[in-house]
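Take a look at the structures listed below.
Each of the next two complexes has chain A plus one other chain: chain B in the first, chain C in the second.
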Partner chain A sequence: MADGSEGLDKLDQRDDLLVVDDLKVHFPIKKGLVVDRTVGHVKAVDGVSLRVRRGSTYGLVGESGCGKSTFGRAVLRLEEPTGGTVTLDGVDVSALSGEKLRQARRRMQMVFQDPLASLDPRQSVQSLMIEPLRVHDPRPQAELIKRAADMLELVGMPRSALAKYPHEFSGGQRQRIGIARAMILNPDLVIADEPVSALDVSVQAQVINLLERLQKEFGLTYVVIAHDLAVVRHISDRVGVMYLGRLVEEADADELYQTPLHPYTIALMSAIPIPDPEVEDRRERILLRGDLPSPANPPSGCRFHTRCPYRQPTLCDTEVPELRVIEGHPGHRVSCHWAESILAGRVEPADSLVVEAAVAE
Partner chain B sequence: MTQTQAQGGTAVTEREPLLEIDNLSVTFKHRRSQTRAVDGVSYSVDPGEIVGVVGESGSGKSVTVLALMGLLPARGVEVTGQVRYKGQDLLSMGDRAMAKLRGSEIAMVFQDPISSLNPVVPIGVQVAEVLLTHTKTTKKAAMAESVDLLRRCGIPDPERRLKEYPHQLSGGMRQRALIAMALACKPKLLICDEPTTALDVTIQAQVLELLKELVTDSGTAMIMITHDLGVVAGLCDHVNVMYSGRIVESAPRQELFAHPRHRYTHGLLASIPRLDLPRGEPLQPIPGTPRDTITWSKACAFAPRCRHATDECVRPDIPLEPLPDSPPDHPVRCVHPAEVTHG
Partner chain C sequence: MTDDRNPNLPDDTDITDDTDVPEAPDLAVATSVGMLERPPLLEEAMGGDEIDEEGTSLWKGALQRLVRNPSAIIGAVIVALFVLIAVFAPVLAPYEPAGSQWIDQITPYSLPPFSPEHPLGLDPFGSDLLTQLIFGARQSLIIGVVSTLLGLIGGAILGGLAGAFGGWVDVTVMRLVDILLSIPSLLLAVSVAAVMGRQPLAIMVAIATAQVPIFARLLRGSMMAETRKDYVLASWSLGLRRRTITMSHVLPNSLGPVLVQATLTLATAIIEVAALSYLGLGEADPAVAEWGRMLVKAQDRLQSAPWLTFFPGLCIAVTALGFTLLGESLREALDPKSRR
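Let's look at the complex of A and B:
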């Protein structure tokens, strides 16, 4: 294994369904009308390694532009990776092509954010549901339709929905159809990219519970990509935090939320509003300055140093921090030079960026 | 408050409110069909007060403020009721008088800054335009003040940014520019319609902090429209919860979050995962979708989704009123309200 994942190798030879090693997706920036010159690269995903245990849920969080969606698409080879490997159940998916790739795809499916955009408006639900089966399942049409109807019932939709079109449903129902469609091939791995963020608040919980129920029933493995930390924490066993194309921190869900070590994770968690005035008034908030830098020209050293409230005069802007396991916290990987000092309270955020609690205790 | 309150207002204060929305209804007419988006909404905003309006898509929270700002099309829309700003009725006001008020006394920040800004005019000119329209000032002075405004709204290097076009700014910067425009004439009332929904959480935290600061410093009153109960919890003094065109519950924020009484508010709070609570508890979703609704004139609109609904819920116009065991400033529109939880 390449850099970053040694710590995990030692843990145990676990039953990992998905192993991603040093995955890179670089998009070329082209210039020129006649001759296409490549003048640089947007490094959307720049060396991400992670492992997902069979039957578990891996949550990937980060803000827009951090490369989390590109990562998901690259794992499924919807985007061609520039480098690195993706191994599904021992098979190197990134090296497959043709018929072998087609067969591997049956085992990994995707649930998209906006079901209205991902479902063809001119196809009936029946046609939409059967489409993946027609590609992968040689059984006669009648049996496929029965399977589609069963699948719909499983996600809590009536069989009569088969004859309808996507626009006839509400957002939550459409997302159920999207999920049923992803599940119909009995996949092992489901990558859900922002599965609830387009839904009304009162409907989100239904879809989250549905995903959890299906996982229990079929032993599915999930990679859930989302920006909502509260949702990710709720459904994930392990959580990775991405920033500008890199994994900056990774730990089991409870550990990460109890002991966030990377300054970005700390700031991200302090920024989430909590629906409780008592908590809100007592919280200290760490604000980040500025916006996300351009992934075409990422900052030197630690990519987060331009916005980091804990930035130190040395190392941060010169040395790229490695994703390493922190002593005393098995399975908790952080890429920050100062993680131990932050944990021990020796390094504190700049005062100007801390918003004090409204009510002093 | 001299007017009789047909639907039961939220204001019980002795002070003269800055804005009073009184029994406001908005009906969209299309051919022979009618959609009542806002159905007899009343609430008021005191000077310097931050009022939150929470609801899902289609609850009428945005249409309410669009109606009072006179921003709905005249054709096919029927607006009834009264909106009094400092005592004068906004709905019967002429277009020109309204245009004068808009931007100077009452300003608005929208959800999507890219569609609210003019794409072919530099940011600085757009901010200065507000000043030139509403105040007697020279172009030069207006530009100088724009620099100051942008700086106060946390835009670094405002002299350079002034000359840039909206597409050159990031989402957070655009929203700051929009806030700068809204605050240019020191409005008495700032209406924010989902101002941070399109932004990332860390940027959302910056913008909310900025709004809080600006409003406290200048004593501007604010209406904060959002679907995010978390945003409301940290910001608002008083919260109105809307469902299907009506206010279903209204209370000071501490009271609302400590004792949510309406089954919708209660269910909503139980259905969202929280970052600060132990995990592992399954979420308690509200069944159905916001589309599964009945008109209020027949029954409680939330009844089709409510686990506690009974035949008693099927009666017209359930009133919004304080419950026997709730404080007078906490009216609820519910036949079977949730118990008051202690602790």
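Let's look at the complex of A and C:
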């Protein structure tokens, strides 16, 4: 599955299932007593471009509020994009509407964070599972039930689950039902929005393994949205880091975790504990000060400059950095003016923000 | 699956076209992910997975909680008695209703005492009080149920439209409902009854009109809350039609609070029937027994024969209490937060 380290020049020849170009989702802020007046926009997603190769897994990480969930929903057209295009297997999904869009939806499915909230509490598992089939692929009831039972078995649930209701299952079981329901239409693309963050740690691994097994079996393409760096590293072939509505860094998973180049990613990675007590003792952590700035009024220049430990006196607050490939690191895209200098060690983080991990935690 | 939904797919990547789920999935994998292997003894103690075949739906679960709740049982018994009495009034009542054959026993100052023939005595018109009370249940039941049904249907249509379409439909409908709501319900009912004249249908429409805003607001609010939930988003992403999502997901999940409210409103409706009759807007035919009017007619004998007001009043109060108890416990049973 791992998708070698190709350069951007080769990107065009790759077999990309999903191509997102300059996707924007802006929510209007309205004010006014009688007549609503738009006084600004919350730029939840502000120009994200990425490509996901067929059969691979793309991990999208970022802190809460950075727009990663909105991005996922906009790709699936569950949120209306303000601008940009989403192309799934050559079909411009963002231009579809009405019945065409509805029929196109079977090819892209979503796994939700809260499995209980995403299943209709009034429906039995059987009718939950059959419903999407009946809409897209009407067949005799018995055949549909058989497919539902097979699908359940595939996610490790007994056939008897069909007669039960969502509230009668545990969190992990519910998430498996949610996954089975998303997979029963045999989609090409599955967007998993925090698929395990609502689950116990012991169940998380089971669900992740299940997702991986289904990917192998059906050749699925995943976009996994998560804030848990360990989960993303485990499951992803390629990882994108989002900050305040924009992609700040993107690389193959191992490359990104070994040589993070963007200051934001570096700070995130420094927060991961190392399972070796001696190394862990010497580990240094870079602290990020303050909260995420308001997406309604993002900072000028580089959006991260208000919190950046590597901030330089020039460029950072005046010019918006491009997402560009770094020389010597094919396929590794970073949007930082100083990425090369940081890589070469010529730019150091501000001393006051570097602390020993033990102190920080 | 050989549909043409994926014409751009090259031949060598046919993996995604393989819709048919394998019949027998790899057991080893299934076991590692799903069913845990239990030691034989534990397996025996816990029972197999197949024993618990039937699931418990929300309504079924609510019913199970309901029968364990004493106040629900009391409420249900009262309501059942009330309905039975109303239905079998001709069989249960000892005499014909609205007869005045004992009028010679009535004087302007006194009524005959209770007797074995007339356990609750006579009313001022010379008919048996018990018979009148039993037949009065019919009026209350019919008018109460029909008016609540009318109110429920009207409110559900308005609220459903507002909740399903939103936007300007919502604004228009809800302003209309607000106007209805700004008029005190009894005053509204009095005006409707005054316009339509003294007939039973008028009271029903009058009471129903007063109830429409309650149901409309409740259903709209409840539908709006449901629409924002994840399972509706999931339905969209599965490609269900808008009609299906609204009619078979949002609406059924929003109906719970409305049905509870209907039970509670039935109690109010019965009181309002009595109140409208009391105000002289009820059934025009004096021969028809009606609890509210019995109260009015008994008023001038309040000093000498207080039981004439007491018994119809008690009937109204107990019936209303029965519906209220049932409605409240239904709400408790349906509310996931109060589950024990």
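Assume the second predicted complex is superposed on the first by the 338 of 361 C-alpha atoms of A that agree within 3 Å, B and C clash if a C-alpha of one lies under 4 Å from a C-alpha of the other, contacts with A are read in each partner's own complex, and residues count from 1 in each chain.
Everything below uses one rule, namely that a residue touches a chain if its C-beta (ideal position, glycine included) is under 8 Å from a C-beta of that chain, and two chains touch if they have at least 3 such contacts.
Since we're looking at a predicted model, the values are computed, not measured.
Colleague: Given the alignment on chain A, is it a clash or a fit between chain B and chain C?
Modeller: Overlaying the two complexes on chain A (C-alpha atoms) leaves chain C and chain B fitting together cleanly.
Colleague: Regarding the shared-chain residue A:Asn209, is it in contact with chain B (first), chain C (second), both, or neither?
Modeller: Both partners.
Colleague: Of the two partner chains, chain B (first) and chain C (second), which one does A:Arg53 touch, if any: first, second, both, or neither?
Modeller: After superposition on chain A, A:Arg53 lies in contact with neither partner.
Colleague: Would you check which partner chain A:His41 touches, where first means chain B only, second means chain C only, and both and neither mean what they say?
Modeller: A:His41: touches no partner chain.
Colleague: Quick one: is A:Lys24 in contact with chain B, with chain C, with both, or with neither? Answer first, second, both or neither.
Modeller: In the superposition, A:Lys24 touches no partner, neither chain B nor chain C.
Colleague: So, does A:His329 touch the first partner chain B, the second partner chain C, both, or neither?
Modeller: neither
Colleague: Figure out whether A:Gly219 sits in contact with chain B (first) or chain C (second), or with both, or with neither.
Modeller: second
Colleague: With both structures superposed, pick whichever of chain B and chain C touches the larger number of chain A residues.
Modeller: After superposing on chain A, more of chain A is contacted by C.
Colleague: Least CA distance chain B-chain C after superposition, rounded to whole Å?
Modeller: 6
Colleague: Both chain B and chain C touch chain A; at which residues?
Modeller: Common to the two interfaces on chain A: residues 206, 209.
Colleague: Please give the residue numbers of chain C that touch chain A in the complex, ascending.
Modeller: Counting only chain C, the residues touching chain A are 1, 5-6, 8-10, 13, 15-16, 18-19, 21-23, 25, 29-35, 49-50, 52-58, 229-231, 233-241, 244, 249, 252-253, 336.
Colleague: Under the definition above, what is the set of chain A residues touching chain B in their complex?
Modeller: Spelled out, the residues of chain A in touch with chain B are 63-64, 170-173, 200-206, 208-209, 212, 227, 229-231, 233-234, 253-254, 257, 267-281, 285, 287-288, 290-292, 355.
Colleague: Where on chain B is chain A touching in the complex?
Modeller: Per the stated touch rule, the residues are 56-57, 156, 170, 172-173, 200-206, 208-209, 227-234, 253-254, 257-258, 264, 267-269, 271-276, 279, 282-287, 289-291, 305.
Colleague: Using the touch rule from the top, collect the residues of chain A that touch chain C in their complex.
Modeller: For chain A paired with chain C, touching residues are 15, 54-55, 73, 76, 78, 89-91, 102-110, 112, 114, 117-122, 124-125, 131-132, 135-136, 147, 150-151, 153-158, 160, 163-165, 167-168, 176, 178, 181-182, 185-186, 188, 206, 209-210, 213, 217-220.
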